[in-house]
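Every chain is named by a letter (A, B, C and D) in the order it is written, and numbering of its residues begins at 1.
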Amino acid sequence: MKDHETLSERLAEQGISRRAFLKFCTALASLMALPPESAAAMAQALAKSLRPSVIWLSFQECTGCTESLTRSYTPTLESLIFDMISLDYHHTLQAASGFAAEKSREDAMKNFYGKYLLVVDGSIPINGGGVYSTIAGRTNLDLLQETAKGAAAIIAVGTCSSFGGIPNARPNPTGAVAVSDIVRDKPIVNISGCPPIPSVITGVLAHYLTFGTLPDLDDLNRPRSYYGTTIHDRCYRRPFYDQGKFAKTFDDEGAKNGWCLFELGCKGPTTHNACATTKWNGGTSFPIESGHGCLGCSEPHFWDAGSFYTPLSAPVVNIEATTLGAAIAGAGVAVAMSSLDRNKIHRAQQAHEIMSVKDL
Amino acid sequence: MSPQSIPIHALTEEAHSIGNIRALLTEIASLLDKLDRNNESGMIDLNSLPLAPGEYEKLRLALGRGEVSARIDAIGPSEIIETHYPGVWWVTHYNVEGDIVADLLEIATIPEIIKSQPEDMHAGLARLRTRLSEVAE
Amino acid sequence: MNLQRGIHSMIEQIDGPMASFFSSCVHCGLCADACLFYTETQEPKYTPIYKLAPMRRIWQQQFTFWGRLLFKLGLSKPVTDEELAEWEPLVYDSCTLCGRCSLACPVGNDITYMVRKMREGMAASGHAPEGIKEATRRAIELGSPMGVTINTLKAHIKHAEKETGIAFPLDLVGADYLLVLSSAEIAVFSEIIPAVARIFHQAGISWTMASDGFEATNSGIQIGSSDLAAELVNRIVKSAEHLKVRYVISPECGHAYTALRWEGPNLIGRPFPFEVVHIIELLDQLQSSGRLKTTGTTDARMTFHDPCQMVRRGGVIDQPRNLLNKIASNFVEMPESGIQNWCCGGGGGVSANPRADELRLKVFSRKKSQLDAIAVKTMVTSCSNCRSMLEEGIEHYHMDTNVIGLTELIAEHLAEPSEEPKP
Amino acid sequence: MNQHALLFFLRGQGLKFAVIVFTFGLIYRLLHPVLLGRKKNLAAPRGGEWGPGMRTIWHRSLFPVRLTPRGHFIIIAGYIFHLGFLITLLFLSQHIELVKNTFGIYWPALPPGAISIAAVLSIAALAALFVHRITDPVKRLISDFQDYLVWVLTLLPLLTGLALDMAADYQRMLIVHIISVELLLIAIPFTKLAHMLTTFSSRWYNGAIAGYKGVKA
């Protein structure tokens, strides 16, 4: 099985030097947010690793996640990482179609049962028995359950497969759910984001290849090395937050000076992701650097968490009318109750027995 | 509207200075001190830092250029520059497209990537011996 | 049954201010520092608001959401006879209704107003001190809490007429002013009678006294029974109406002023057809209008003890000072004077309650330290009850201070009739 | 329920509930006593009621002139607590945003450093008042369970708000902060905290009763 030989053998065949590989590992360590000193040790481990089989299932999704990955700013690195895995099924990328495509999935499942990695993007609709999304006549639910059985681990790429994402937004007509809502007996890594940062996907794959394990995860099963801190924690505009300097509109002096976007609805403080350091488009920028607040796309229910432009400290519902109503009701009840209580006092006064000295 | 009519505002120092540069230079000094005393080398991954726009350039200015510079060609170029402070190296790896894939400050007598790797030396030795045997024949 | 009557009586007393005050108390404890019973004993039970505890519970149980709920569920302890008995000394012996706490409360509670109302319930439930009960019985049955009768008064009048040579009008219909007196003035400080006569004679005002309504004091408001208080006030009102006077003069007696001036119309349920003036208020008016002429000044250092009910609770504040400044060249104020003055310790019925004597004399140390601070030997006041209490306290603490009534002092400085220009 | 859903609830329906209870209850607590009314005073007045009532509302907010050392402590600590709490509540930009987004009105914010100082002073004053409550014999006697409950409920929003920018997990602390605020809002109408409005009616009555007799209370 030539496709699954060790990496060093393949590199040697391609005439890639160890120094070049070390450089690649340095870049990888940087991607994985590991200390740069670990590049040498990674090179050692990676050289010996076998190429695992990967099955990629796309469900109720927009292909944004795949786009993010394939339009990654590091095409050479990307290809190197894809060289390290055997992508046996990905219906957007593979050349095969129809029955041949499905057969390659079935072959991989049979040959590498218990060892292959399952990557999922897109949510799984479960209303109406899952009829809202089917591939080759089978529902996503059915495919996921079948393919998950033999997987060593599942990597949920994007917010849809991680948490349900936009298809799951109210009123959620298709009953879209996350992978973790269906598969409960397999290790799952959620790489959330809409789309997720491409290097995070490759970083997790590299971690699996290097160490043979899944990275350390947070309580939402996201890799801590990328999702351990919030955008707010690592934002270069944080000092302005601490000084109370806020942009009030998108074109005021504060906005021009690059002040904090909290009051314009930035969800950075409650959003765990690596955008502020890894950035997008080859390290060019990230939303806040471009002058727009964070939408919180890597968090569950981000689409339903109120307006993108409502500050975190403001209510997500309109309470003005309610407050007025409650005040009027309070006044009304006070009028009613005080009238009852005045009667009570009045009755006590009516029942008053005139006091005489004999009562003393 | 002519280009001349667009007002130009010079950004003040404070507008983007959030104090990362001073913190970085302090860390570099402490790593350099370790190298000097214990011969321990160290690295700083510039990609993992939340640098504000302009701070990268400021760091470049602060560190300057020293005597040594080197270039490696291995799946894209790498640029190694000794800064104005001997022992502090700026190592930038590019891919074939010219994008930066890793950007490091390495505090060492010689950056690791410049050294020849044992595996490459083995392969090279083998190639040299083959060459010699061919010449002998 | 008395307990129920008491509780009902407290419910009757709940009104807007009461409910607001109970709602506002944050248990900050500041009122303690305003109460001489606490400052002089350091006993926390004398904290003014604590004296309201049983009534506060009745308010909660009858008028608040949680209170009603807990009371219905049996989780809020009902007020008992034992509890009221325990509170009796707090509500009567250690409160002179002086009103100092009402000025100190940061949330604005008029605690004195509250204690006055609570006493209605205490009296109705039978939990009033025996001494005040006795005084009230004498007032209702004999006409005066000290047992003074019209005959005693007539004897004093005869004596005064002889002394001054001025005829005393009694039951004179159509006079402008009706003078009433406190029984202490008749029984103890009777010098006031000729003094007033001389002043009125000089000022040339038309006045009288009434044989059916000569007693100004009102034990009813001290014990906290509006019914009995109304009966006592009514005697004066009837006399005044019968004699068709335009003014009733409240004498040098603090609570008599409160009873007549501020509570009176509310007790009988209608406005008075006459005006009530405090004698000091009247003297000030006479002097400023030039009808009252004084002569000479006293050089001795003098100070003025503000009677709580006349000053802090009554509003006659500047008048005694105006009068004193005319005749005392060395008038000095005590450290906390005017509406911040400390009570003599015997107001609000405490003086009529022998059980409280010991405590009252103990807390007189507050007055003593106030006096010690200015080292004045002559203290003027304008309340016969204060005067008695001050004299007792001075004697108890072996102090060298004498107390005189303001009206008498004015009379002493009255310009001779010969100097008086003919009107 | 995950943290995001909880935060969404707290910023939405949870807040709505708390605000309804708070507004309804507090208006009730203010109006019920006032509407009980009082008997018409038949005595001839020496002074007015409105003016003196309003004067007392203002005057009792000023620093009292004569105080015992004990009184000084209570007043100063009380002042620091109330001012610190109000400054924190009204001048933190995030709080102003809440009002702005709800009622459309807003005013300038104070720098976060100043707010932190105010909050720390307020917390320190609360702590000092707590120690005083359990050591001062008067306060111990007149205190009940509610006094301690209300102390905790008042302290929590200050503490959690202050911890917000130091917390490792901003979101969790934000959730705790909002919960503490909503608990406080709900508690206010049922406890002595209703004095935040009834103190105005009480002071007015006090000033009016005295003013009627010509006394400045």
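The rule is simple: a residue touches a chain if its C-beta (ideal position, glycine included) is under 8 Å from a C-beta of that chain, and two chains touch if they have at least 3 such contacts.
Note that the coordinates shown come from a computational prediction; the quantities given were computed from them, not determined experimentally.
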Work out per-chain C-alpha centres and flag the one nearest the whole-protein C-alpha centre. D
Going by the touch criterion at the top, tell me which pair is linked by more C-beta contacts: C-D or A-B. C-D
Which chain is most remote from chain B in terms of Cα centres? C
Cα centre of chain C to Cα centre of chain D, whole Å, reads 38
Starting from the mean Cα coordinates of chain A and chain B, work out the distance between those two points in Å. 32
Taking each chain's centre as the mean position of its Cα atoms, how many Å separate chain A from chain C? 78
Could you put a whole-Å number on the gap between the CA centroids of chain B and chain C? 93
Which chain A residues reach two or more other chains? 341, 345
Find every residue in chain D that makes contact with two or more other chains and list them. 32-33, 35-37
For this structure, give each pair of chains that are touching. A-B, A-C, A-D, C-D
Help me check something: in the complex, which residues belonging to chain D touch chain A? 2, 4-5, 7-8, 11-13, 15-16, 19-28, 30-33, 35-37, 93-95, 97-98, 100-103, 109-113, 165, 170-171, 174
In the complex, chain A residues that touch chain B: 12, 16-20, 22-24, 26-27, 29-30, 33, 35-37, 39-40, 73-77, 80, 234-239, 256-258, 276-278, 282-283, 289
Within the complex, which stretch of chain A touches chain D? 220, 230, 232-233, 242-244, 246, 262-263, 269-270, 299-302, 304-306, 310-320, 322-323, 325-327, 329-331, 333-335, 337-339, 341-342, 345
Counting only contacts in the complex, chain B reaches chain A at residues 9, 15-16, 18-20, 42-45, 47-53, 55, 72, 74-76, 78, 93, 95-97, 99-104, 106, 112-113, 116-120, 123
Of all residues in chain A, those that touch chain C in their complex: 341, 344-345, 348-349, 351-357, 359-360
